[in-house]
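By written order: A, B, C and D. Residues from 1 in each chain.
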Amino acid sequence: MNMSPKPSGTIPDRKIYERRESGVRSYARSMPRQFGRAQGVWMHDDQGGRYLDFLSGCSTLNYGHNHPLLKQALLDYIAADGITHGLDLHTDAKEDFLRAFEEVILTPRGLDYRMMFTGPTGTNAVEAAIKLARKITGREMVIAFTNGFHGMTLGALACTGNAAKRGGAGVPLSHVAHEPYYDYYGPEVDTAELLEQRLSDPSSGLDAPAAILVETVQGEGGLNAASPEWLRRIAEIAKAHGALLIIDDIQAGCGRTGGFFSFEGMGFTPDIITMAKSLSGMGLPFALTLFHPELDQWSPGEHNGTFRGNNHAFVTATAALRHFWSGDEFQRDVARRGALLETRLDRIAAEHGFETRGRGMMRGVNTGSGELASAVTAACFDAGLIIETSGAHDEVIKVLAPLIIDDATLATGLDILETKFRQAMAADYAVAAE
Amino acid sequence: MNMSPKPSGTIPDRKIYERRESGVRSYARSMPRQFGRAQGVWMHDDQGGRYLDFLSGCSTLNYGHNHPLLKQALLDYIAADGITHGLDLHTDAKEDFLRAFEEVILTPRGLDYRMMFTGPTGTNAVEAAIKLARKITGREMVIAFTNGFHGMTLGALACTGNAAKRGGAGVPLSHVAHEPYYDYYGPEVDTAELLEQRLSDPSSGLDAPAAILVETVQGEGGLNAASPEWLRRIAEIAKAHGALLIIDDIQAGCGRTGGFFSFEGMGFTPDIITMAKSLSGMGLPFALTLFHPELDQWSPGEHNGTFRGNNHAFVTATAALRHFWSGDEFQRDVARRGALLETRLDRIAAEHGFETRGRGMMRGVNTGSGELASAVTAACFDAGLIIETSGAHDEVIKVLAPLIIDDATLATGLDILETKFRQAMAADYAVAAE
Amino acid sequence: MNMSPKPSGTIPDRKIYERRESGVRSYARSMPRQFGRAQGVWMHDDQGGRYLDFLSGCSTLNYGHNHPLLKQALLDYIAADGITHGLDLHTDAKEDFLRAFEEVILTPRGLDYRMMFTGPTGTNAVEAAIKLARKITGREMVIAFTNGFHGMTLGALACTGNAAKRGGAGVPLSHVAHEPYYDYYGPEVDTAELLEQRLSDPSSGLDAPAAILVETVQGEGGLNAASPEWLRRIAEIAKAHGALLIIDDIQAGCGRTGGFFSFEGMGFTPDIITMAKSLSGMGLPFALTLFHPELDQWSPGEHNGTFRGNNHAFVTATAALRHFWSGDEFQRDVARRGALLETRLDRIAAEHGFETRGRGMMRGVNTGSGELASAVTAACFDAGLIIETSGAHDEVIKVLAPLIIDDATLATGLDILETKFRQAMAADYAVAAE
Amino acid sequence: MNMSPKPSGTIPDRKIYERRESGVRSYARSMPRQFGRAQGVWMHDDQGGRYLDFLSGCSTLNYGHNHPLLKQALLDYIAADGITHGLDLHTDAKEDFLRAFEEVILTPRGLDYRMMFTGPTGTNAVEAAIKLARKITGREMVIAFTNGFHGMTLGALACTGNAAKRGGAGVPLSHVAHEPYYDYYGPEVDTAELLEQRLSDPSSGLDAPAAILVETVQGEGGLNAASPEWLRRIAEIAKAHGALLIIDDIQAGCGRTGGFFSFEGMGFTPDIITMAKSLSGMGLPFALTLFHPELDQWSPGEHNGTFRGNNHAFVTATAALRHFWSGDEFQRDVARRGALLETRLDRIAAEHGFETRGRGMMRGVNTGSGELASAVTAACFDAGLIIETSGAHDEVIKVLAPLIIDDATLATGLDILETKFRQAMAADYAVAAE
């Protein structure tokens, strides 16, 4: 296997970025290369280097880069002058997607949802979800959770926990209360019961909620995976208090944690689901808000957006649904690979006295230190492995490899991680010993 | 010329839409066909009908559907496994876009802006713009205008004037004041001076603004075109009161009203510009927020988003910039065609005692009645012409033909409009005479 | 007549104020004396000086200081151990007040209101009024006006126009839009019609209002007196758009501008009225929110407050109502005296090319300059006349003499004002001529 | 001892209340009598009945009704034409109060505060406190607590926990987070540490607070008494996170729980203190916001109000301070009597398996049921004892006797309570046994 990142001296002239791109860019800072093409689990820079991608566009590329089948479907569609942009008009591509989603996803799971094509980003899907919940319930307050991440537009940002992101708003973020997530106060405290107590207390100061918005695994928040019991209890609490349960499945869905929906088999059904990231299968902008038919109380055009029908994404999403989700092979394969990942990460973590986090193919090691985690991921990058951190202090090294990675390549990447982890720890001890 | 929309009896089975797509859809209601492919100014339905597109995805398809040059660039890029999704990493496609934008757009116009790639929808670009303005000024209030339209996410929606859209928020929309737009109180009242008076009065109740957010021509608001003098005065007022001037060029930009930016030649330079819609040239989701380098005070990642680097859109946008905007031929052509459009619309309007609105290739007829306007556009659609309304009461018939339309086809479409207008008025008089 | 303010050298030791009283105090700065007792129109300082009071506690002492009749009623009540504090329990004093208000005020005017005893300050009465309007209409937005003043607590402060006051909130002040008051854009522009246009336009960005909150004469805002026609039109607009009309009569009511209510004889009836200031007649804290019986949709205790039944104030208020308002003598007397005041102020204003403002016994001269106005009022104070400024720039010298002042004393005060005005203008010209 | 409440058949004609007083009244509903006079611990109705007052105007009458000494001071002041209303001018009465507060309260306790005379109600004092904290810190969020009660105007209401009160706002109550109070999740969970964890977590969604606003004993919230350790920890947390600590001492202060300030001897010093209720000593409207001199960053007049200088209240407050607080006799007496109260309530509670709550002379029995508590208090009222409930479900019977009550009378009242409690329980059992 040939991973050959070039030494940093050969980085191309990047003055155009400094001159013309806003300093808000972030990943380009920790991965200072210029990338040209990508295929499957590999990204290639313009110096001939290639990189194993354990980031997958933050779980946007669950099926890898430019999957041949999706790519061909898109090429054919474009070549045939298929509708590229059609506002929310009916198109063949949209119909195909609706049918595929119904046949492949909803019907086999016994689920009944309507699809709302919001602006093609996760934050738009979240905005639509909370708008709908507020409209239906006539309530304003949304309960979100500590360390939750839901987007950057004002409505979604109010639901996001991260202080640095929140600080960018420039106005107070209102109408949202952040309650403690699963295990937030440690395993002894059942935070679902704390929430139940507050909602049942007419003098708690917590206004009656329109919705409870929750991720089953908090991607940006540090790969905290709520237990099915806790989530089921949250679902009960929402129902008992007249709130809609919104599962934000933008990062954990599309197979990342196992099923197509991350909550499958947990014994509850959300009222509303938000999806984006890997939905198009190829990294194209696409987002969905799903809700039970009886919740479909929008007036025509009450929430709209120019790009709400991204037909290219319909095409690749349809191909992805039919290819990966028609049977259970893919899902079983991911489950098996997730177990492999768990084993290896547990070993790495145990070696240094750390703990792992996450579920399925969405796992990481909590190093307890943002500095350490960054040192490890930077060393990995120099060795040709793209890998990132998450968590309140960026202290969790997260593995978000494409789900289609073969076992050997997964092992290769984890070998790099293991080595670089060990080296960083050694360097750390060396420093500490001085 | 063969326009052959099929009678409505042949509409395909649409139960899948009713069963699975949210009722929030809107355009599909007034244009109940299913579309399969499109090329240039023509859309084709699945019954063999073809339609002349005078809507252009609400100005998202200024260069028509699937322009051959853009299409080929995209096909080549996909075939070569070009990066599809790369978060905000540096990619060849992004570099090419940055260079093209600098060389073709900024440098020739003597403009100095940095580009922020927000989530690829207009509303995300607006959210980023107002967040930045609030962050920089430390103020919270944004001044927007009556009949303005800026998007559907909570921050942008607060800037949008439309009550039905606002009502979907489910929470009060705060931190924005809507001031009267150009000519809002008729030609006698200079609304810029009203604004100046209020801002200069420490007891007016209007808090010091972070930004003034304005469209040069209000697309959704009814094709109201502010005069250059008024806009220049607004720019002066913003500067005098320490507010940033944000031009929302999402609909009026990219040549729709003449120049690449709609404010060119008007004697002022915005602090921040938002772009989307026709930016990618082919209808792909793409949005930009531009601002002066000294305003680039974001922390890395302070505003982010999964799809902020849509590389497919970079590719087509670069091709579009270099093809259409390297010289002034396209722009002159559009200006000439806009004059043709003006002449024809003036004639239609004058025939019925109405007035025209707009600028460049963004023009319409104010019928004064939503019922009348809808009757006309519905009749046009039956005759194979896709055309829509805008305005507070949907009373303005708007012509948003692709800018690349040839004169003869433009005339054909306007002939249909003229005829259907006349028939609708006759029917109306007939009714009135009964 | 002996007015003998002492030279400032004899001001008592004021270190206790600097040491222990917050610097938020304001009047004590421009009137640096210590006052001990007061009777009628006169205040006495602790150095033997006496001052003619043309401020009347900002219209809180319409019947003068310690009116003998009110004072005696209160002394008797206290001596008899009348209930001082009784929460909102029924008391003899409250019953007497309710009866007096019904018999003397409501019945003769054919008005039907219920009384809500809010916390005994004007701002509490305004908070109760807007809460009720929002509760009843299910809407959140309140329309207030430029230069309006309604109080300092968060809900009322949002309705207040003054930027310095608003700036003290520390949070954005939301859910209120400030529309231009009568004549705000000069006599040519009918601002009521501007408001009607905005409210009738579903795309104006102005959300449907719960209430329109307006003063008939803006006390703090510069003695702007709206015309009866304008106010009547505002009442119509409120009704047409489903908003409740709230007249804030805290400063202009209780006879200050003529009738007991400032809107009497103007041809409309407010839905809600707020009163405070001179309501108790003797300067005791007392406030009322009045509304039509069908608007009395409060749940018991939904809005409460410890001091909502100030029985001492009930006693003096009852005495004041029965003494001053049982017949029309007082009102005619005030009208006559208001005319006198108008004549004198017109003369003073005309001498210097200025204009007068206001109505009834609530009048002033707009000097166009805060510096000039302050110079005049400071000189008046040194000459034994307590008089203050108002307006966005403190540019209006306002005369708020007790309504019970006799003509001769009123003339004496106005003589001082006239002289000091002339001297200040002369000094000003002298400076200008240098 | 002669308590002779009349049977309810003799209630006077109350049509005037139904006709003219808003239905928002509450206490008058559970105590349907009309009261005329009151002295010490006794209230007298207009039918010759007398009632022992265990409510004391919700702790507004700590020194009883119309205390002879205070009453005489006020009579003398009024008779001498002392200034009744003087805005915020310096007056003899204000100076006396400032001196008394400094000499009697601040200096002996080694405390250094400035006094801000807000509008004379508790809610105004709270509004001023949070405005100041926001202004000083530049932050918007205030942390309040579950079951906290702070007032009814919009800023204070946002800090209040009670859902019924909050629901009256008609707008969302923002910029406040309610955190769990002492023992909210039971004795096992240290809620101060939960708060510390959330504030230390940059991803908790809890914005950096301007202030932590807390009652040492929650009067309306059910007589929950926080431990000194917990309060001290809250003080540390506030300091560590740059927030100001505001003690709302409106109900628990002025001796109710022991010291003049309720936090005395607990080992911390608040940045800001709010006072009202018993401050005037006689039930007159009066409120204070105290803060450290370096926090006195108000501009003159930035927060004001017509009744911010209630001179009658200055007079009675000064008399009360000098009489009750010059030595420690009163305080020792209250402590002793509080112990008596505790013993008796413990006995009553134990008899029925309930628990007591509170501290000092602010104690009650948690019956666990609003129905039961109401049944007991209603029976007490019929027996001539005025007593009320508090708590989220009105389940706590609270004893707020005047602090000056003699031991025998206290015992008499408690005898009634004990008897009525027993009878209600017996009736309850009887019902349960059916």
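FYI, contacts are C-beta pairs under 8 Å (C-beta built on N, C-alpha and C of every residue); 3 or more make two chains touch, one makes a residue touch a chain.
Molecules present, by chain and UniProt name: A, B, C, D = Diaminobutyrate--2-oxoglutarate transaminase.
Since the model is a prediction, treat every value here as computed from it, not as a measurement.
Chain pair A-D has a twin interface among B-D, B-C or A-C; that twin, with over half of the contact pairs alike by residue number, is B-C. The chain with its C-alpha centre at the largest distance from the centre of chain A is C. Centroids of chain B and chain C (each the mean of its C-alpha atoms) stand 50 Å apart. Between the Cα centres of chain C and chain D there is a gap of 31 Å.
Multi-chain contact residues of chain C (touching two or more other chains): 140, 164, 171-172, 174-175.
Of all the residues in chain B, the ones that touch chain D in their complex are 171-172. On the side of chain C, the complex with chain D involves touching residues 14, 16-17, 19-29, 31-39, 43, 46, 55, 57-58, 60-61, 65-66, 71, 74-75, 78-92, 94-95, 98-99, 101-102, 106, 113-117, 119-124, 127-128, 130-135, 140, 151-156, 158, 164-165, 167-171, 174-175, 210, 250, 276-277, 282-285, 289, 291, 296, 298-307, 310, 312. Remark: chain C residues 140-141, 144-148, 160-164, 166, 172-178, 180, 184-185, 189, 194, 197-198, 201-208, 221-222, 391-393 touch chain B in the complex.
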